[in-house]
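Chains here go by letter, A, B and C, matching the order in which they are written, and residues are numbered from 1 within each.
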Amino acid sequence: MEASAGFTAGELAARFGCELRGDPAARVTGVCTLQHGREGLLSFLANDSYRRYLADTAASVVVVAPRDAGEVAGTALIHADPYLIYARIAALFAPPRAAVRGVDAHATVAAAATVAPSAYVGPHAVIGAGAVVGERVRIGPGCVLAEGVRIEADSELVARVYLGPGVRLGQRVLLHPGVTVGADGFGQVYDGERWLKVPQLGSVRIEDDVEIGANTTIDRGAVEDTVLETGVKLDNQIQVGHNVHIGAHTVIAGCVGISGSTRIGRRCMIGGGVGIGGHLDIVDGVTITGMTMVTHSLTAPGVYSSGVPVAPNRTWRRNAMRFQHLDELARRLSALERRLTRESPGAGEEESS
Amino acid sequence: MEASAGFTAGELAARFGCELRGDPAARVTGVCTLQHGREGLLSFLANDSYRRYLADTAASVVVVAPRDAGEVAGTALIHADPYLIYARIAALFAPPRAAVRGVDAHATVAAAATVAPSAYVGPHAVIGAGAVVGERVRIGPGCVLAEGVRIEADSELVARVYLGPGVRLGQRVLLHPGVTVGADGFGQVYDGERWLKVPQLGSVRIEDDVEIGANTTIDRGAVEDTVLETGVKLDNQIQVGHNVHIGAHTVIAGCVGISGSTRIGRRCMIGGGVGIGGHLDIVDGVTITGMTMVTHSLTAPGVYSSGVPVAPNRTWRRNAMRFQHLDELARRLSALERRLTRESPGAGEEESS
Amino acid sequence: MEASAGFTAGELAARFGCELRGDPAARVTGVCTLQHGREGLLSFLANDSYRRYLADTAASVVVVAPRDAGEVAGTALIHADPYLIYARIAALFAPPRAAVRGVDAHATVAAAATVAPSAYVGPHAVIGAGAVVGERVRIGPGCVLAEGVRIEADSELVARVYLGPGVRLGQRVLLHPGVTVGADGFGQVYDGERWLKVPQLGSVRIEDDVEIGANTTIDRGAVEDTVLETGVKLDNQIQVGHNVHIGAHTVIAGCVGISGSTRIGRRCMIGGGVGIGGHLDIVDGVTITGMTMVTHSLTAPGVYSSGVPVAPNRTWRRNAMRFQHLDELARRLSALERRLTRESPGAGEEESS
């Protein structure tokens, strides 16, 4: 089964454990969206917003959940988790990594660094003294590895990534452009006159299979290491403060800020734009919806939220003004309740249920 | 009219269609703020906060709206849109782009790339295989263009910009330092045990006259391209998720996050720090004020908002505590209303108007 | 007192003005957290969350406030400000800056630039025409200094920092990787059809002892300079708009956005994720808690806040829905009050106290 020639629907059904409805010989040479489907391409339905495109898609093959199979005009691959199956099939069509190895003539590698022969170091990259770059690691153009960095096999720094002194990456770690790992944490103490820098003596340890999105920053620890456990996935523009510990298989969407010394459990899901205070503890299995303001520890798994959803400006303006007097409003309500109870005791009792 | 010698107020009035009140021979050799005006400089009034500086400014010439002209002590250029006229005049004093062309000796250009003779590629920039760099394009120092990037005429990448595989830029596109376009979108699917990467097979298409601020990130599409239409202006530190489509002439202020697959219409204005959920549809002509949390599609033009404005901490603390019981408070109010209606039916009817 | 051999508790007490309780000969060769203390290391207690680890720590020496001294099993260094003393002691164990100087063979320095002999310019850095790099300044790998940049003595750009045309840095300024100072501000004016760029003719002036965190962006002024006064400390991923002025010794945590032309006073403290509108004035001595939405000027010192703290999703959902009707709820309450006053005037008077 070569990607260039494509695959038949029957081959894909067998390989990925789907039930097939339609033409097992339907040929798939790439993927598409339902809206812009084309003959020879495969699509999927995993989000209700796109159901309206299902019946009329021109895609030859569609991966769907059992309940949607009836609406597929072409060939259906039926599976309980269509998005997962789609991801696996799409991987067949992903361009292969370029087969490069060796150190580019325009890279700068310290004499006291070790680069595996199967690794690649791109142009204008800098590898500091004592750094160890493992087998098949790819260091893209413009990356900077400070002294003592260690990167295990098959990791990739796409481009323009900075790793500070002593940062360690596990295997198959993927860092996108603009990522900064191991800059100093924000430690400042006021001496009565000015802010004094608190030395940031820890580093950062990133375990296997972690992916970090573009322009995300992970600060080094103040004393011990900042840690991202295995399988953590971070989106773009995230800020992770010093000493933070993120548990295995937690995923975090873009623009999240995590203040220093906070611990986040395993298999958490954190939405975009969430802000998390410092020195907090968030247990395993917590989901936090987008833009939530986390001001205290979350000690039980579950879904958490905060914030005020969008409204027309005039409506919002009136309500937001009232918020500024909410305490007074609540006191006035209590006063009314007390007054009524005094005036006609017992009359309102049935309301308390 | 050469910038070095400056311009007379009369020349500027004629060139930019302003009414002149005062001395047509007043000479302008640069621009200034009202507060720190100086003889020979030109300022403007476009924001009420600065009206207090108008009467006493030392600027020789001030661009104002008709209603403010009477307060100008020096020479006034009068126009309905003073900020627009200021911008055009200030452009006369902007330093010209350095006349550079050619590929710097410290740049790395793949053999299979095409760079127009009139283009410039700065030191330590990297141009990947198959890239096409158009006429008069400027690739600043430290930029990285992956394979297959295409940039049309007169675009500029100031410095340290990353463009991922297959990214296309139109004409006169301006990308500021730290911009990352075309890194992988955040596609992850849980296989029951770990997160599996969903291949990001689309790229990014940016049309003419787009400007993107420092450290902003635009992810490549999962299947189709992420698209910024002509004339879109993005400020710094913005995150644009995969498959997002931003309509022509929309402006977005700093620190905004736009989740994947959301469509934003034309001529929208989005304030700083706004967060927009995924798979939403925002029609043309929507304005969203700063820090709004957009949780659903916006189907009509207009101004939208959310959030709670700043207050003294003690006031806020009391009100925020009450927010956590707002539903209960509303139920208690309803109970009181029902009780009063039972006790004295009809007595409150005139309130309902 | 050499760091390699360590220090005795007695030496540290004398040097930093602490009262000592325990063994003056206790040797300290590094620092640790209370949780993971080890023989020979020094820790501190400055945050109540960690008090539970105090009694059982294996650290040989602990810096504590007087009230906590009784709980220290080992040797205590007692001081009113344990975190400050810790910071000073930890500085003894910070790795010394590598003794490098000169211009790396892979750097690109314009002929018309001046680099002090004691300064260092790392590989793949670019120094533009007319730039002046002072004594003992360190320009790390991949940094880009545009034309006319001036950096005073002992400043450091760790790596991959961009400084735009004419940016000036004072002494001992520290810029972390990914920082962009002096990109264009976001000035756009609508000409009735499209957005026209407003020239950004000012630059950025950064005074002595400023520290700026990874991937933070500071825009150049539109007319005059954007200014950070002496001793300002900025965390990561902050956006500072054009013409902003930040007063001396103000500290700002990560992910804050400050819109253009806003003035922030001296010795302010701004929490993570705060958003501050444009053209505002914030006086000296203001503290703003995390994620606050600053929509108006703050004219008196004090602590300010906004936002809605996290709650379980179901609770939040109910309360947030009620927020959208808060104005109506307040009106209904007022109506009830009026009705009751009409029905039994005077009966509720004692409530008003």
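Note that in this section contacts are C-beta pairs under 8 Å (C-beta built on N, C-alpha and C of every residue); 3 or more make two chains touch, one makes a residue touch a chain.
Computed from a predicted model, the values in this text were never measured in an experiment.
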item	value
Other chains in touch with both subunit A and subunit B	C
Cα-superposition angle relating the copies subunit C and subunit A, to nearest 5°	120
Self-contact between copies subunit B and subunit C, residue sets same or different by half	different
Approximate Å spacing (C-alpha centroids) for the pair subunit B, subunit C	25
Subunit C: positions in contact with at least two other chains	106, 124, 142, 160, 178, 215, 237, 255, 307-309, 311, 323, 325-326, 329, 333, 336, 340
Of subunit A, residues touching subunit C in the complex	106, 108, 124, 126, 142, 144, 146-147, 160, 162, 164-165, 178, 180, 183-184, 186-191, 194-199, 201, 215, 217, 219, 223-224, 237, 239, 241, 255, 257, 259, 275, 277, 279, 287-289, 292-296, 298, 302-309, 311, 315, 318-319, 321-323, 325-326, 329, 332-333, 335-336, 338-340, 342-343
Residues of subunit B defined as touching subunit C within the complex	31-33, 36, 47, 49, 81, 83-84, 86-88, 90-91, 93-95, 98, 104, 106, 122-124, 140-142, 158-160, 174, 176-178, 209, 211, 213-215, 231, 233, 235-237, 249, 251, 253-255, 272-273, 290-291, 307-314, 316-317, 320, 323-327, 329-330, 333, 336-337, 340, 344, 347-348, 351
